[in-house]
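By written order: A, B, C and D. Residues from 1 in each chain.
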Amino acid sequence: MGILSQPVGAIAEWLRNLLLGWGLSPGLTTVLLYLIGAGVLATLVQTWVIFLIWYERKIIGRFQDRLGPNRVGPYGLLQPFADFIKIMTKEVIIPEGADKPIYILGPIVMDAGVLMLWAVIPLMPMVGMDINVAALYTIAVGAFATLGILMSGWASNNKFALVSAIRTVAQMISYEVPTVLALLVPVLLAGTMSLQGIVEAQHVWYIVAAPLAFLIYFISSVAEVGRTPFDLLEAESEIVAGFHIEYSGMVFAIFYVGDFLHAFTIGALAAVLFLGGWRGPGAEAFPLLGLLYLWIKAFAVYFLVVWARGSLPRVRIDQMMNFSWKFLTPLALVLLVLTAVLDYFVAGWGAWGQALSHLVMNLVVGWLVLRYLQAWEKARAARRPVVAQPGQYPVARPPRPAVAETSTEAAS
Amino acid sequence: MPTTTLLWLLPVFPLLAFVLIVLFTNRNKALSHTLAVGAAFLSWLGAMVIFVRALKIGPEALAEHPIHSWVNWLPTGDGYLKIGVMVDPLTAAVLFFVAWTIFMIFLYSVGYHNFGYPEGDHDQKGLPPHGATVVDAHGHKHRVPSIEPMYSRFFAYIGLFAAGMYLLAISDNLLTLFVGWEIMGLCSYLLIGFWFAKPSARAAGIKAFMTTRVGDVFMLLGIAYLYTATGTLSFPDIFKPETLHALASTPSHVLGLSAAGLIGVLLFIGTVGKSAQWPLHVWLPDAMEGPTPVSAMIHAATMVSAGVYMVIRMFPLLKAGSMNGAFFSPLAVMGFIGGFTALFAATIAVAQNDIKRVLAYSTISQLGYMVAALGAGSYIAATFHLITHAFFKALLFLGSGSVIHGMEHGVLHTGNHEVDPQDMFNMGGLAKKMPITFWTFLIGGFALSGFPVLTAGFWSKDEILSSSFFGGHPVIFWTLALAAFLTAFYTMRQITLTFLGQPRTPEAEHAHETPWTMTVPLMVLAFFALTAGWVGIPEHFPLLGGLLPNWFHHWVGATYEGLLEEMGWLEHLAEGSLVPLYTSLTVALGGLFFGWLVYKDVRSPDPAQDPLKKALGPVHTLLQNKYYFDELYGLIFIRPAYWLAEVFTFRWVDRGVIDGILHAIARVVFDLGKILAYGFDLPIISGAGDLIGNIVRTFGRAFRVVQTGRVQDYMVAAMTSVVAFGALVYYLLVFAH
Amino acid sequence: MIPLDWYLILAAALFALGLFGVLARKNAVAILMGVELMLNAVNINLLAFWRYRAPDQPVGMAFAVIVFAVAAAEVAVGLALFIAVYRRFNSVAADEINLLKW
Amino acid sequence: MTAMQIVFLLTAVVALFSAFRVVTTPNMVHAALWLIVTLSSVAVLYVLLSASFFAVVQIVVYVGAIAILMMFVVMLTRREMRDRGPQLGKQWPWAAVLAVLAFGGLTWLVRSAALPASPVGEVPATSVADLGAALVNPGGFVIPFEIASVLLLAALIGAVYVAWTRRNS
């Protein structure tokens, strides 16, 4: 048992022996070890957020043709530290009439929800709590983030915050459905709900076998996180900053961290589910390599999230709802059923055979969906409501080109 | 088409026409009369075909094996009541004249009802048309006849009538015969009362119906008796020797008659009603109220003949009934009634001034002839006279109708509606105005009065006279001879008054000939009135005898010859004496001469100037009033009937007794009800009901607080009971044992 | 190892609390919460018996699944009803909704 | 006193206390939050019963959907932020008595029954798979399963219909 082959295992072994040596009972030791592991992991990922903030600000800056943070430290790397010191020195203001315990609990619950996700993410071979319903677990604990936002939004005793909370609930609950459905596709392909198992089953990345599922999962996860273009819960232009309008100082910092970390976690999950997790050359031999691979993939997906934030405007709430219930959910259902049937038929074609057949199916479905969308767009343009001038009959507006159509749709 | 099928179809065509007209086409006059006449034509064609086929078969064979077809109709206790159609020589002969006359009338009616003339100015349904005013090209107004308002209805009625007549003629049993009989009764009622807005027409219709009813009831009794006695109504079964023997030998305990005798008498009473024999003759003259073609010819040529046809058909039965020589034996009764009616009606006819009434009474007397001939036992002569009479009487009536029509033209022209176009004293000199009518009427009249050799009437009448003479019935013979003389007399009187001399009124001046639809039937019938007799010239007749075979005697005689011979009732008359011949010659020519002599120079339209009136005085009045028979009946039957209905039944029995009883019962029940209502129902029953209601309401008021409408209270109650029951069950399960 | 009756008694206590909530709370949503508590107690019982009596047969789990489904349906309809009721009465207090009072 | 028993007792205390708060707290939002706590602890109990699948489902269905929906409705069905007046109806003593009686009876039943102190066997690794197979197995629970799904569909439609805002009215 070497530090290189099983780093975490080795460290845990050493700790166990140490504690037993102190004369603690084995059961207590187990509990203590669990606690220690959880604490270490939580601390690490939360600290990691500091780098994420710098990364995102840099990329957004590039998108907006700026340099981004570049004064404090090399490439502004130390800028987030400065911000954190500043924000921690600020006072925690609890507004009049706020529900204090819940007001405080809100960000904590949200952050906890995000951190709980990390419990099941397989960082490297033989690491990560390998429960056999991990995939479902990710969805379950996602609910806690929602809960936290809801709590804080309600407890702030502020109308904007409450509206934001309500929006959050609507958005989360409606986007959980396509998330689960899309999530079931890799589960189906791998034949297990344990993330570790899914990773091990990905001799071919599932993004090859199920690109549509990846797309759906990505979009709905972004919506669950509440990032642009689905950031209706903190739409500055409508409900000034939404649920954390009243927060300041430390508690706001927790929100901030939770938000970024959640986004990155989504990336990590997507990487685990569709991009082969820690898989990579030599990962079995040197698990730390697997951790590196996972990190790279997670950053790739996270880059997509940031990219969307940097380039896409915010959608209207009814558009968001329609998009989930009238497009994503049916599509995900169809995809799930087709995948199941196809998987039954192509069983035993070898990894690549299965993957390519699924890919073909996905492409066909995608093409059909696109055609359908075009037809639907045309029809909608035709029956666009017309404003009747007083004293004259309404006259149908000439249909405008589709591109202009969509752009105005998104902007309005 | 097989003959039997054709036979079945005969009544169907007119019936169909009736239905179609009544239901569908009665708006369209042309279509309606086309339907009716077409149906009549079809039936006529069928009848002719059947007649010819029957001729081909020949009398004996036809008598042995009649054309016969029947169906099981009414299931009775054992077996069925069969109804069917049959053609034997008698039927064939009857069918012949029925078909011709009916077809002729249908044709005649078209013209009589002024088809093709405009609607009347103020005609209304139920009244004869009063004429219309038309404006011609020069703006001159003309009064022209107007079309009958109920034209289609008329044709529907006579269609139904024709159906009834055909049915009666071809039916092979008494039942369907009776059905046809009654159909015709109904039609005569409808047609006599056709102009129902005229009170006289209404009264006449009712009178005819009632009077014939009397006869029909007796006839129905006879039929019923026959059925009970023999178990069958179909002629072939009845006219079996054994059946006749059985009937003849069974006593009926009525007037010493045998069963056959009683049946015969009853059936004959039906004939008395139908054929208007004394004492039920009163309806026939009044039947002249109807439109001429119908009332006249139906009640002269066909329908009244039906009665005679029936008795002829039943002749063997009557004969059987007369075998035991009872005083009231059918033949004796018929001989008396017939002879008396012949003479009696003739005497009345002498004093009548209405052209149609004269003919009506002559009809009665001629029917009396036939009945008397039957009474004398020669059904052949009766049949012969039936047929010839049908032809010439139809001719006469249609002729009179034509005359009246012409007179109405005159009336329309002068516009003087006071003048009765039917009174012979208003006519005169019409021979020049309406030649065809005149000549045909002359032929008919001569036939009626038995003008020797040429006319059919002569032969048939001679047959009757000789048969009654040689048959050993001198009384009948002389009675009929006298009647024959009177017949000739009033016939000539009629002809003279109507056609000869000068017109006595301006209306007569302006009368003119009628359209072809009326004259053509006249000519056709005239032809038959001349020739129909030549088929029955007796062999023993001097000079002519034997030139032609006595075909008719042979033909009709074959019907029952075999049967009578078997029964031994066939008497061969020793014919040699020329007395009957001379008698008939004398009475005919004499009557005609006297008639012309007396009436040749009547100038005034006043009936009081009737020379016969001067001669006879009060007797004439008596005759003119028909021996006051109507008044007599009014006194004997009608007034008592009214009294019975009005005073006795209505006022005493109904109002007094029945209503009294009912009112008494009602009073009692009402009081009882009051007592029960206030003594029992209100206090006890509804009291108890209210009590229950109150109790329930009280409890409801008390307990309604339970229903708080709050879910949780209910849940509390439910859980309480759950806990309680759980405890109970647990107690039972654990501590009970 | 945990004895079975611990689970059962815990479930009984949860059930009783839920029952109290159902019977006593004014707010209709709270009543619904009580119902949820009772359902959870039932589920604990089912799974506990499954675990201790027949862990190799999916019977108990199947029942639990059915209970989950029923609970979801009940909550959906119930909350929708409360929203409708709120529109009508401007309140969801169970003791103010007594249209069926005598 | 093994670690599992400790965990169980802690969880039980949390569950009962939070449940008590659920039915007593005057603040409806707090009640909903306490309900979430209860449900989560029940999930922990499921884990202890080595039914991790049901634990996760409990979280997803109850915490993720039902409880949040309840908070949602609580927020929608109030005129002002705070609840005023007593949150217990007049009949609450009755309710308390009944609850106590029910608890007592049930406990008595449990105590008076002979129950195993430890499971008869281990849970097979494929229990979730077995469950899935049994739910769609014609010889198993396919009919209750289908009925449940139809019930869910009906509930969905019914909820939409009942809560629908009729614009014209």
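The rule is simple: a contact is a pair of C-beta atoms (placed from the backbone, for glycine too) under 8 Å apart; a residue touches a chain by one contact, two chains touch by 3 or more.
None of the values given here were measured: they were computed from a predicted structure.
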Chain pair, B-D or A-D, that carries the greater number of C-beta contacts: A-D
For chain A paired with chain C, centre-to-centre distance based on mean C-alpha positions, whole Å: 33
Distance between the centres, which are taken as Cα means, of chain B and chain A, whole angstrom: 112
Rounded Å distance between chain B and chain D, as computed from the means of their C-alpha atoms: 102
Mean-CA-position distance for chain D and chain A (Å): 28
In chain B, residues with contacts to at least two other chains: 710, 712, 716, 719
Residues of chain D touching at least two other chains: 2, 53, 57, 65, 69, 72, 76, 89, 91, 94-95, 98, 102
Residue list for chain C, restricted to those that touch at least two other chains: 19, 22-24, 94-95
Chain-chain contacts as defined at top: A-D, B-C, B-D, C-D
Chain D residues touching chain B - in the complex, by the definition given at the top: 89, 91, 94-95, 98, 101-102, 105, 109, 112
List of chain B residues in touch with chain D within their complex: 710, 712-713, 716, 719-720, 723, 726-727, 730, 734
Chain D residues within the chain C interface of the complex: 2, 4-5, 8, 12, 15-16, 19-20, 22-23, 28, 31-32, 35, 38-39, 42, 45-46, 48-51, 53-54, 57-58, 61-62, 65-66, 69-70, 72-74, 76-77, 79, 83, 86-92, 94-96, 98-100, 102-103, 106-107, 110-111, 113, 115-124, 127, 130-131, 133-135, 140-141, 144-145, 148-149, 151-152, 154-156, 158-160, 162-163, 165
Of all residues in chain C, those that touch chain D in their complex: 1-10, 12-27, 29-30, 32-34, 36-37, 40, 43-44, 47-48, 50-56, 58-59, 61-62, 64-66, 68-77, 79-84, 86-87, 90, 92, 94-95
Chain B residues within the chain C interface of the complex: 704-705, 707-712, 715-716, 719
